[in-house]
Each structure stands twice: as C-alpha cells, then as structure tokens.
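Below: a set of structures, written as structure tokens.
Next come two complexes, and both contain chain A; in the first it sits with chain B, in the second with chain C.
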Partner chain A sequence: MSTALALVFFFAPLDADQGFVQKIFYVHVPMGIVALCGFVAGGIFAIMHLRSGDPRWDMRSYVAIHLAIVLAVGVLVTGSIWARASWGHWWVWDEPMLVSFLIVFLLYATYTPLRFSIEDKEKQARYASVFAIVAGAFVPLNFAAVRMAQNFVHPETLGTTTGGMPDKMLLTFFVALVGMTLLFITLWKFEMAAKHARFRLRALRRSLAGEDEFVPIGRSAAPGL
Partner chain B sequence: MLPALPLDEAGKYVAGAYLVFFALVLIYVAIMAARLSRIEREVVEIADMVQRDRAGSEQRVGETV
Partner chain C sequence: MRRTVGALLAKDLAVELRTRESVPAMALFSVTTYVIFHFGLDRDRIDGDLASGVLWVTVLFAAILGVNRLFVAEHEQGGFDGFLLAPVDRTALLVAKALGLFCYLCVVEVVAVPAFVVLLLGPGPGQALPELVLVLAAANAGIAIVGTLVAALAIQTRARDLIVPLVALPLLVPVVLAAAEATTPLFLQEGAEALPARWLAVLGLYDLLFALIAYAVFDFLLED
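Showing the complex of A and B:
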C-alpha cells in the first residue's frame, strides 16, 4: 500500500481531462474490485461449506463477505466524493455503474441481518451459504451487464475506445490493486485468527467450567464452530 | 463532466477520499484490537480457573494422604 501511495502521488502522471482529482481512481477502483472479489470469494467458500458441511468454510465465507461490505462502504463514499469533484453531484441516479454497485451493496447489507434472524446455528450457516452463493453469482453477472450496457457515462478505466491508460498510470493502478488485495487477505486472516482463538477459548472454558456453569452467549450473526 | 478542478480545490476531494479509506481501515483494526484484548482477558480468566482447579486438586490429594 505504501508503494502504491508513493506511485500515486510521485510517479503517476496527472490525467489530462480530470487533473489531480483522478488520483481518487487509485483507491476507489481497486477497493471496488477487491470488494466484488470478496463477495465472489464468500460465495465460493459457501459452496465449499455446503459440499463439506465443515463450519470453518462458513466462517471463511462470513469473514470475506463482512470485510467486502466494509470495503464496499469505502467504494460508495470515495465514489461519491469523486462524482462531486468530476460531475458536480454527490450521486447520479442515471449512472449504471453507481446504481448497480449500490444494489450489490444493499443486497449484501441484508446478509448480517439474515444470519442474525436465524437462531439455530446449523440452519443459519446453511441459509447464509445459499444466500452467499446466489448473491455471489449475481455480482459478476451484474458487473457484466453494466459493462455491456450502451450508456457509457461512467469513466472507463482499463480500456477505452481512445486507447486506454498510459503505462505509468496502469502500473500504479496494478500496484494499488495488489496492495488492496494483500490488505484484504491480511485483514481476513487477522479476523479468522481472532475468531478461531475466541471459539477455542469458549470450548476450553466450557470444558473447564462444565456445561451447567457455562453461560451461553446470546443470539449472534457470527458463525459458531 | 466538469472541467478539471484547480489543484487547491481538487486536493480537498483527493485528501477526503484517501482519509475515508484510511479511517475505514483504522476503525476496522481498532475494533479487531478491542476484540483481541477481550480474548486476552478471557485467556487470563481461564488461566486463573486452571490454577484454582490445580490448587484444589493438590489440596484434596494432601488431605487424603
């Protein structure tokens, strides 16, 4: 991420059309791509969960989706700031890319309440996995539909009819994308480790205190192992 | 699309966007740190429980001998 930041501000040239404001692109677009990949990864982990019945896959799916939602909030806010600077409006409803991303975000915003509404942990994991698979399949379809749409108002990033980005910009973008991906993986591993440690501790406490003295936690959206 | 903003005006938007990103990561890490400190407290509690159990069982062994 540090390398990406250095490249963004000291290496990548200023955009001819948008000037300095285009620097938002290097945080907004990688964040969007990684968030969407996180949703798809959540769907793939959910498939593994339904195939194997192993609750650890449900946990992986939950953490990936949870993190992707955090990034999606960032995408919406940074996108809004970029829209204000480029178009003079915080939000534009006739822009397919913006609205489709908002739809994906709102779809996934129901994931945690869905989990929370189901008390039985086994049912919760199964229903959440089904949701994650269906929604995960919707993400690339939705993205492809927007790309195929004719109304290209949103600035094209990687390929345009006028030839695409200069090499320096492209290199900076890919470094930013790699940095964002590594950040996502690091945070995902961090949260997974914390959740595993918590569940192992709970199991240890249960075995030490005995089932009678053990006070179970209330309803939770987080998976149980 | 509007014409390119001058640097002093564009800078505010760029700084805002990057601050949003860093704030999100910082808040996330802070929440995770709070959770980790709770795990640490639980580890201490469990270690105390184990010590109490061990002391109790040693006492019982001493009484029977």
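Showing the complex of A and C:
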C-alpha cells in the first residue's frame, strides 16, 4: 500500500488536462473495485453459511460486507471530489458507474438495519445470508442494466488498455489495486481476529461471573464462537 | 406441487376478495399519486419519457404497498406453521405468493393505467396497447418475484414497514429503468413508435435471474 502511494506521488506522470487531481484516481478506482469484490465475497460466504450452517461463515460474510460498506463510502466521497475537479459538478447523473455504485451502496446500507431488527440470533444469521446472496447477485446485474441505459462517458481505463493509459500510469494503477486488495484482506483478518477475541473474552467473563453467582455447573458451556 | 400452488393461490385470492385489504388501497394510492404528480410537476398533460417515468414510479410505489401486506396474515395467524407442517414443497409458497402478487398488480393496473391515460397522458391510448400490456406483464413478473422475496425476508423483522421499501427499491431499480425505457416510445406525442426489444430482453433476463435466485434461497426463509 505504501509502495503504491509512493508510486502515485513520485512515479506516475501528471495527467495532461487534469493535473494533480487525477491522482485521486489511484485511490478511487481500486477502492471501488475492491468494495464491489467485497460485496460479492460476502455473498459467496453467505452461500457457504447456508450450505454448512456454520455461524463462522456468517461472521465472515458480515465482516466482508461491513468493510466493503466502509470502502464504498470512501469511493463515493473520493468520486465526488474527483468529479468536482474534473467535470465541475459534485454529482453527474449521466455516469453509469456513479449511479450503479450509488444504487448498490443504498442496497447494502440496509444490511445492518436488517440484521439489527431481527432478534433471534440464528434467524438473523440466516436472513442476513439470504440478503447477502441476493444482493451479491444483484451487483453485476445492476451494473449491466445501468450501463446499458446510458451512454458511456467514463474514460475506459481498463477496457482499452492499449490506448487508454501510458505504461507508467498503468503500472501504478495495478500496484494501487493490489495494495488496496491487500489492505482489505488485512483489515478483514484483523476484524475477524478481533471478533473472535471479543467472543472468547465474553465467554470467559460469563463463565467467571457464573462462578461467582451460581454453583459452577455451566463452566464449559461457553459458546463455540 | 401444482395442486399446492393452486390451493394456496385460491386461498390468497379468496382472502383478498373478502377482506379487500391490498388491491383497493394500491389502486387508490396510484390515482392519488397522479394527482400529486400533476401538482408536483405543474403539468396538465405529459408524454414521452416523463409520462413513462411517472407511470412506473407510481406502479412501483403501489406495488410496495402490496408487498408490505403480502405475508402479514400468515405471520399474525400462524399460517407459516400450518404450511410448514403440511408435507408439501416449500417452493409452492413462493410460487403461489408471487402469482398472487402478480394478479394484484394486474388488477391494480387495470385501474391505474386507464386513470393515467385519462388524467395525465397527453397522446391518447392509441394503438400501442398490446405492447404496453406486454411490458406491464414483464415488469409485473419482476416486481412480483423480488417483492415476494423481500416480503418473506422482512416479515420476521421488527421494522417490517421500513425494511421492505429500503431493500426492495434498490433491487427494483433495473426493472423501473428497463420498463420506463421500453414504454417511452409508446407515449410519444407524435404517435407511438416500435417497442425497443432490447429493454424487453433486459426485463425478461431480470425476471429469469431473480426467479432462479428466489427459488434457491426461499427455503431458508421458512426454516424454523
């Protein structure tokens, strides 16, 4: 990630007509790609959860979607800044990428309220998984539909790599993409570890408190997760 | 399977016929929405893309009302338990509910579309009626499938009335988009043009895809 930042600032050439602001592209686009992949990964974890019934898969799906939502906020903010700088507006409607990303973001923004409003833990996990699968399948479909609806104005940076970007920019972009992916995976692992630790701690606390108040019968009854 | 679906569908339609809970409210809502659009847009007659947008937004919001109520009777009166005890395929409930919602939407549109033509649409109903019915049917199927799925998802939550529109509206954006694009040439001032087949294909694909997804995940929404 820091390599990517170094490359962004010192290596990549300045864009001819956008100048320095264009550098936000190296944060914005990888972030968007990684966020979408995170949503889809959440859906795949959810499939695993429904197939195996193992709550750990639900936890993985939850953490992936949660992080992807955070990244998506970053994408919308950086995208707005970039749009303001290069097109002169904070928001442009005739831009399929922006619109479909906003729709996906709005959909996933309901993930947390949905989980929150189901009390039964096991049911909550199952319903959240169903939602994650449906929404994960919706992501590519939505992009296809919105892209069909409008003329394509985005510079097709990845589709036409031969004419789109000079080599130096392309290299920087891919380093940034890899860096962002690694960042996502690291954060995901960290969050998983933190959640595990918290559950262990809670289980231990509960068994300790149980020892104080009751005769220690349920000592080993700590939840597995 | 077919008999189960038939029985469930007949039950739903009979309940709706006797209580008249959803459909009249949806129809009334859509007519009210036209009045609101009339004042909101400050236009007497609309045509083209504006007309098709108004029609589809109205249909979508009216559909949300129906989706909200779709599983309420089951939830409140233990219909889910009864259904789960019966030795039948669970997909039957999905199919029956989706067909029921499809019927509701068709009935609502029998009221809402003529009202739209009378109240707002600039060019007359014209000769584009068969194409319009085709688009309506394709979009209804999409709304019915996604609506049933979302209704089943939301019925167990505490904030059902909030969750349904929040989840269903983003999911249905492609339907509205494709349907609105498809009907735009039908409402043109200078006479209807041919229906763009591309958008109909998008609608069909969307219906198919979500039917498969709903079929795959619906069982998990009923397990208890």
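In this text, the second predicted complex is superposed on the first by the 199 of 225 C-alpha atoms of A that agree within 3 Å, B and C clash if a C-alpha of one lies under 4 Å from a C-alpha of the other, contacts with A are read in each partner's own complex, and residues count from 1 in each chain.
Everything below uses one rule, namely that a residue touches a chain if its C-beta (ideal position, glycine included) is under 8 Å from a C-beta of that chain, and two chains touch if they have at least 3 such contacts.
What you see is a predicted model, and the numbers here were worked out from it, not measured in a lab.
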{"item": "Chain B versus chain C as contact partner of A:Ala145, first or second or both or neither", "value": "second"}
{"item": "Contacts of A:Leu50 with chain B and chain C, given as first, second, both or neither", "value": "second"}
{"item": "Partner chain(s) touched by A:Ser86 [first = chain B, second = chain C, both, neither]", "value": "first"}
{"item": "Chain B versus chain C as contact partner of A:Leu107, first or second or both or neither", "value": "second"}
{"item": "Contacts of A:Thr78 with chain B and chain C, given as first, second, both or neither", "value": "first"}
{"item": "Chain B versus chain C as contact partner of A:Leu170, first or second or both or neither", "value": "neither"}
{"item": "Touched partner set for A:Leu201, first chain B, second chain C, both or neither", "value": "first"}
{"item": "Larger contact residue set on chain A - chain B or chain C", "value": "B"}
{"item": "Which of chain B and chain C A:His28 touches, first, second, both or neither", "value": "first"}
{"item": "Of chain C, residues touching chain A in the complex", "value": "149, 153-154, 156-159, 162-163, 166-167, 169-171, 173-174, 177-178, 181, 198, 202, 206, 209, 213, 216-217, 220-221, 223-224"}
{"item": "Residues of chain A defined as touching chain C within the complex", "value": "50, 103-104, 106-107, 109-110, 113-114, 117-119, 123, 126-127, 129-131, 133-135, 137-138, 141-142, 145-146, 148-149"}
{"item": "Chain A to chain B touching residues, read off their complex", "value": "15, 17-21, 23-24, 27-28, 31, 67, 70-71, 73-74, 77-78, 81-82, 84-88, 155, 183, 187, 190-191, 194, 197-198, 201, 204-205, 208-209"}
{"item": "Chain A partner contacts - residues on chain B that touch it in the complex", "value": "1-2, 4-7, 10-11, 13-14, 16-18, 20-21, 24-25, 28-29, 32, 35-36, 39, 42-43, 45-46, 49-50, 53"}
